[in-house]
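When the chains are written out, they are named A, B, C, D, E and F in that same order, and each has its own residue count from 1.
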Amino acid sequence: MDISNAQRAKVLVHALPYIQEYSGKVVVIKYGGNAMVSDKLKDYVMRDIVLLSLIGVKVVLVHGGGPEITELLNKMGKESRFVDGLRVTDAETAEAAQMVLAGKINKNLVHLIQNKGGRAIGLSGMDGAMIKAKQKREDLGFVGEITDVDVRPVLDVIEKGYIPVVSTIGCDDEGNVYNINADTAAAKIAGALKAESLITMTDIDGILRDKDDPETLIPVIKTDEAPILVRDGVISGGMIPKVECCINAIKWGVERVFIIDGRIPHAILIEMLTNEGIGTMFTR
Amino acid sequence: MDISNAQRAKVLVHALPYIQEYSGKVVVIKYGGNAMVSDKLKDYVMRDIVLLSLIGVKVVLVHGGGPEITELLNKMGKESRFVDGLRVTDAETAEAAQMVLAGKINKNLVHLIQNKGGRAIGLSGMDGAMIKAKQKREDLGFVGEITDVDVRPVLDVIEKGYIPVVSTIGCDDEGNVYNINADTAAAKIAGALKAESLITMTDIDGILRDKDDPETLIPVIKTDEAPILVRDGVISGGMIPKVECCINAIKWGVERVFIIDGRIPHAILIEMLTNEGIGTMFTR
Amino acid sequence: MDISNAQRAKVLVHALPYIQEYSGKVVVIKYGGNAMVSDKLKDYVMRDIVLLSLIGVKVVLVHGGGPEITELLNKMGKESRFVDGLRVTDAETAEAAQMVLAGKINKNLVHLIQNKGGRAIGLSGMDGAMIKAKQKREDLGFVGEITDVDVRPVLDVIEKGYIPVVSTIGCDDEGNVYNINADTAAAKIAGALKAESLITMTDIDGILRDKDDPETLIPVIKTDEAPILVRDGVISGGMIPKVECCINAIKWGVERVFIIDGRIPHAILIEMLTNEGIGTMFTR
Amino acid sequence: MDISNAQRAKVLVHALPYIQEYSGKVVVIKYGGNAMVSDKLKDYVMRDIVLLSLIGVKVVLVHGGGPEITELLNKMGKESRFVDGLRVTDAETAEAAQMVLAGKINKNLVHLIQNKGGRAIGLSGMDGAMIKAKQKREDLGFVGEITDVDVRPVLDVIEKGYIPVVSTIGCDDEGNVYNINADTAAAKIAGALKAESLITMTDIDGILRDKDDPETLIPVIKTDEAPILVRDGVISGGMIPKVECCINAIKWGVERVFIIDGRIPHAILIEMLTNEGIGTMFTR
Amino acid sequence: MDISNAQRAKVLVHALPYIQEYSGKVVVIKYGGNAMVSDKLKDYVMRDIVLLSLIGVKVVLVHGGGPEITELLNKMGKESRFVDGLRVTDAETAEAAQMVLAGKINKNLVHLIQNKGGRAIGLSGMDGAMIKAKQKREDLGFVGEITDVDVRPVLDVIEKGYIPVVSTIGCDDEGNVYNINADTAAAKIAGALKAESLITMTDIDGILRDKDDPETLIPVIKTDEAPILVRDGVISGGMIPKVECCINAIKWGVERVFIIDGRIPHAILIEMLTNEGIGTMFTR
Amino acid sequence: MDISNAQRAKVLVHALPYIQEYSGKVVVIKYGGNAMVSDKLKDYVMRDIVLLSLIGVKVVLVHGGGPEITELLNKMGKESRFVDGLRVTDAETAEAAQMVLAGKINKNLVHLIQNKGGRAIGLSGMDGAMIKAKQKREDLGFVGEITDVDVRPVLDVIEKGYIPVVSTIGCDDEGNVYNINADTAAAKIAGALKAESLITMTDIDGILRDKDDPETLIPVIKTDEAPILVRDGVISGGMIPKVECCINAIKWGVERVFIIDGRIPHAILIEMLTNEGIGTMFTR
């Protein structure tokens, strides 16, 4: 990058007002998609997070991991079956999901953050019984619906100076473990934390009025405009539940929710610390 | 159990001096063997731990999980190979171990403690880069040797009121993950914590002078007596490294180390809160 | 006691849910009757209290001491005169009461607790002007009626890690000292502390429907049932003011009030830490 | 008192350097003699103490009470017997002493301080097992010699904003209670607190070179001058043990020890907050 | 001063109830007039303040400094022009005022307090942007009207154990600096602090019903009586805005406001710590 | 500046290791020269400082102000006289210096920081008697030599979340005020704070081996190399005392001292947060 150190200093100083805005605030990042697959993008995200943490942002990293669950099930010779886009989850599948999410992805992310100079502790919804859940639909097995979120473990870990990395496994008092949709969990956690922002990383540009024309990106959607956009078909298919999570997060107390394009390097920093809004922002 | 409530009250009161002795102290429990296999024994251990925590003991639960790693590898159609009793650990095996230890066993133990009314958070050696490791022997792959232990995450979690449950995965600065022997890790952690006791749960009665006669149990071994017992063949085979861990723990600052028989229900409580010493105690 | 250590461990574990229920809660014990006379019972009560304190219960011990006041007055050649069951209290009698309660009984209890391994500080209603009082009836002299209770000294002493032992002497701004009924004072203090329980130790089985048949013990009385039981003569004589104190304590904010039989060894532990309710519980 | 308010203000300002000198420091006052008998002097002492407390001095009031013990024993028809100036103390006498000191005098002083607007808590050597003692001489019965002083209860009570009032009863682990010489106890406590000053109130002018001539008052005695004064008979009789306590207090860490004339109104304030040294000061 | 030390002690004790009344309370002193000109009076005021601080009063010293601003302007050959009693303040005059107030007077007062044994930190309205202001009237230039007061710097400095000395310079977000009337600023600051008292030092006896007869001093004025006194001409001329400040301070939350005669030595102590009310007190 | 937001994000991330290095550390900046004259440079410096403060650096800003003192003296018609490069300082000059430094420059810097979004409090060496001084040379009048530095006020102000801005006025116990060389004071303060770095802003490139050739900049000088450079004439004239201050700062406990070119925009950030070392670094 052909930028002089004088220019670098200027860039840092230009970031000042944005840093001031977020200093001391809670920001929940729902991590997923390409940004979690590509090693390069993963590296960028981890650096972004460590930087945010250093400038005083209380980052909470929430992740899912569907593809890697499928991968392990394949290795185990177990076929994945989906109903209405949701994985049918028998006991063995639930256990595989738990191992992949809480054991592999979660700890690897923690490790990456530590190696970039940050301090992190990985939590699952089972730690401190953080995410209480029940069966969503009988035919889906151990697919869970959140009944209660207790964010004390997240706050305790932040208070001790760590970045909490959260895998979205739920549990109940009978000892059952549930696979929980990460978008929903992130929204619930962000709401319970009264977060300043929830940033959802996806593999799309944001909400486009014409899905084939990136120029038609809608930069801001107010919560009451969303149903109209659904009705008009602008928001459709798999985006409907994602947008619902965004709207819910705001209802539950988050200030601003962003859907950003995780394929762009340093998308988080660009969104947070420059004058460029990328993706779509949901707001009251 | 045919014990009147009057007798129950007496029993509680008889435990008083033992409770006073341990109140506020750190006790590391190396959990393994049958006590971790049998659901009934597991249930007992969890209750013991929650009780200790309630009476003011700072319990740290450290676990391994060899058999369950083998089980997953089998499901994945991967054969386990051992050299000198150590599992040859390629990258895939290391990942499987990480998933089983940090994802499955660790979180399940956390869940059990929570369901007994305790509060727990699961940590691996990757969280807060707690266990730094390097390759032990080139031919064994990702079998790790501990280079450094940083117990701050354990202390932070205790300070916030949780029981830390630790899975013994190690990591280095290059991003590698290592499988670590749980006895060694428990000893290192107990030493770094200057624990009052380290309790190792095994499937033997303790150290027997004549291994076929339980009546010959050696109740107390001083650190300088151990080499003589090894020379005399009293301590032999797989017990040698275990005993080494006990001796090391004392060198590193633990007051007393116990090898107890995990097959006995509530072995921990009997050892700690009654006048009965079960198993063998190592001491300065 | 012929109970194996295995059984002892079970007993401890069975106490777990009861311990969890009381952990961190305030429990006021009104100590009196035989349990304060018999050396053996006294020893049991002290052990019970130290145990409760160790498992995290915030115990407050409130005591009276009528018989010992009489004893001192006798030694001083002074006759005790009673009107309506209340001691006529001239200045010399008041001073004798103060000496016996705050100087003898209080400090002896503190000493016993210390010798069982607990930490205690004795307080009277004069310390920190905790119990403000005025004359109850002119003809009774320095028999006091509480006008105000300031529990800060009790809380301060608890916060510093001691078990407060309270003798129920009251005082006013003119320098007068009053003898205060210990049941009333205990109820007031428990109410001001919003205690989880007030346990009153007496020399009866509890409230019996037929006072000659222990089988007719009433285990639970709701506050609005009490007047009916008085009307029906089930509660009568000296029990009426005692029960009034119980009912008042609940009105003032205590969750549950117990009248237990202090003649039973370890009655407190049996009531609190087993499934056996002994005596009568008053509740909302 | 015919002093204008302008003069009053000047007086206050003149006290400034003395107040600055003592602010935040621990001062132990051994209270006794006439100042504890005369109601007027008692009132003055209490006001002095409350004032000192308000200007930031950490006052600890230590008292004895020989005459009042005798008075109670008389009332009980029990004769006091003395050997070498020490009361022969059987169990009944020890109990009487405990009641008078810890129950009557101690609490009355607390009450007086409270009524002057101060906050006080009364402690005996039994509270928190503060004064550990053993038998001094077999023929004296329960006359105690201090074996250990634990000033944590005093510090805890100060930290919570109270003036600790201490009666000098000692105890041992067997449950025995001992009468302790108040001068010795005050010196031990002051030493353990590393007090700035220990002020002993007596009924003499101070140490006089010629005991019949108040003009020969010795204002300052260095610790190594004391033995010479004893040898020369300047310090003699009952003053010898008192002076020994003063010298010991300095050895144990007190900065300065004063013997002042408690018969002078506000002797404490005059000593501490004016340019007038009254009585004799002992120093390194 | 011919006062014996015995009398001095009495005087100190007589001050006890007044000290108790003010202990821990915030008292704002508006310092000005002769008391700030005469070196002797200045010395008295500083001692008074250090004494108050030692006895636990949280003193805030607010000062102006008109005459010294004029003096500097004269040295700079710049004439002072007044409109309606307010100094026409061009940029150079504003800078001179800032230098004199925040640089000379403020720091000299801090220095005096330190040399009397107090601890002080000087603050201006620019520190922590404590006093936000805007232009009062266009023709007056940089004469400011307070728009907002943020007393956190004052509280922070008190909490760290210093006496805050405040010079009444205001500022805005554009970088302008304003000269602020010290009476108004003191009232605003006292109000924002919910001070116990605001004491305004002036060169008059107080409010006199007949301005030529000191015997007609009005000791207490209720806020609703003030307008009547203005109407009747009792309060007139330069006293009108001063009295308005007093009334406003009470509206903003100050308990009692005093106008005292700063020409009397130790006027502050006489007012606060004796039974003599000097000057006029404003109250609800 | 033609830099895309993607590049901006990269720049921020590249600063990460530098931010980590300084996070939580104390950095003293000696501010002066052109960087304090040019409004543009001043603006840059303030932004740099606010940014450093936000990323967790504990910045202490120390300033002098010779030219502005001269300016005021000129306005007052007072000629400045210098002996050996030091201003002859009579009482009036000392007062002018105090007004300019503590009243004008100091508060203006505070105001600028506040307006950039930082929080600042201005301190002089008189606040908390931070800089104790005595006369340096009789013929120079009130030119001071530091006798003692008490950095508690600086630490208290940092702890409360403000950036301390320090003007280097000294004082003594007699009430005299001294003008103190700002380089010396900065070095003393940095030493007392055991600062990570002391950054001295000057109007030169750094130490040049050939003063006419910027290419000969010496990037690092070890403390023991400095005398040789002086002997060889590389360091000469006015740079000798400046370099002495740098060497002393290191002796007094500062890790690294920098002489940087304040004429370069954002010189501080370039030095601290990029890979470019500008100017000369002094080190052990």
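Everything below uses one rule, namely that contacts are C-beta pairs under 8 Å (C-beta built on N, C-alpha and C of every residue); 3 or more make two chains touch, one makes a residue touch a chain.
In this text, all values refer to a predicted model and were calculated from it rather than measured experimentally.
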{"item": "Shared chain contacts [chain B and chain D, defined touch]", "value": "C"}
{"item": "Chain pair equivalent in interface to C-D, over half of contacts matched, among B-C, A-B or A-F", "value": "A-B"}
{"item": "Averaged-CA centre spacing for the pair chain E and chain D, given as whole angstrom", "value": "45"}
{"item": "Interchain centroid distance [CA atoms averaged], chain B/chain F, Å", "value": "56"}
{"item": "Computed distance of Cα centres, chain F from chain E, in Å", "value": "35"}
{"item": "Junction residues of chain A - those touching two or more other chains", "value": "none"}
{"item": "Chain contact graph, described as a line, ring, star, complete graph or other shape", "value": "ring"}
{"item": "Contact footprint of chain B on chain C as seen in their complex", "value": "1, 3, 5-17, 19-20, 23, 44, 47-48, 50-51, 54-56, 116-117, 264-266, 269-270, 273-276"}
{"item": "Complex interface listing, chain F residues touching chain E", "value": "72, 75-77, 95, 98-104, 106-108, 110-112, 114-115, 119-124, 126-129, 153, 156-157, 159-160, 162, 169, 171, 173, 175, 177"}
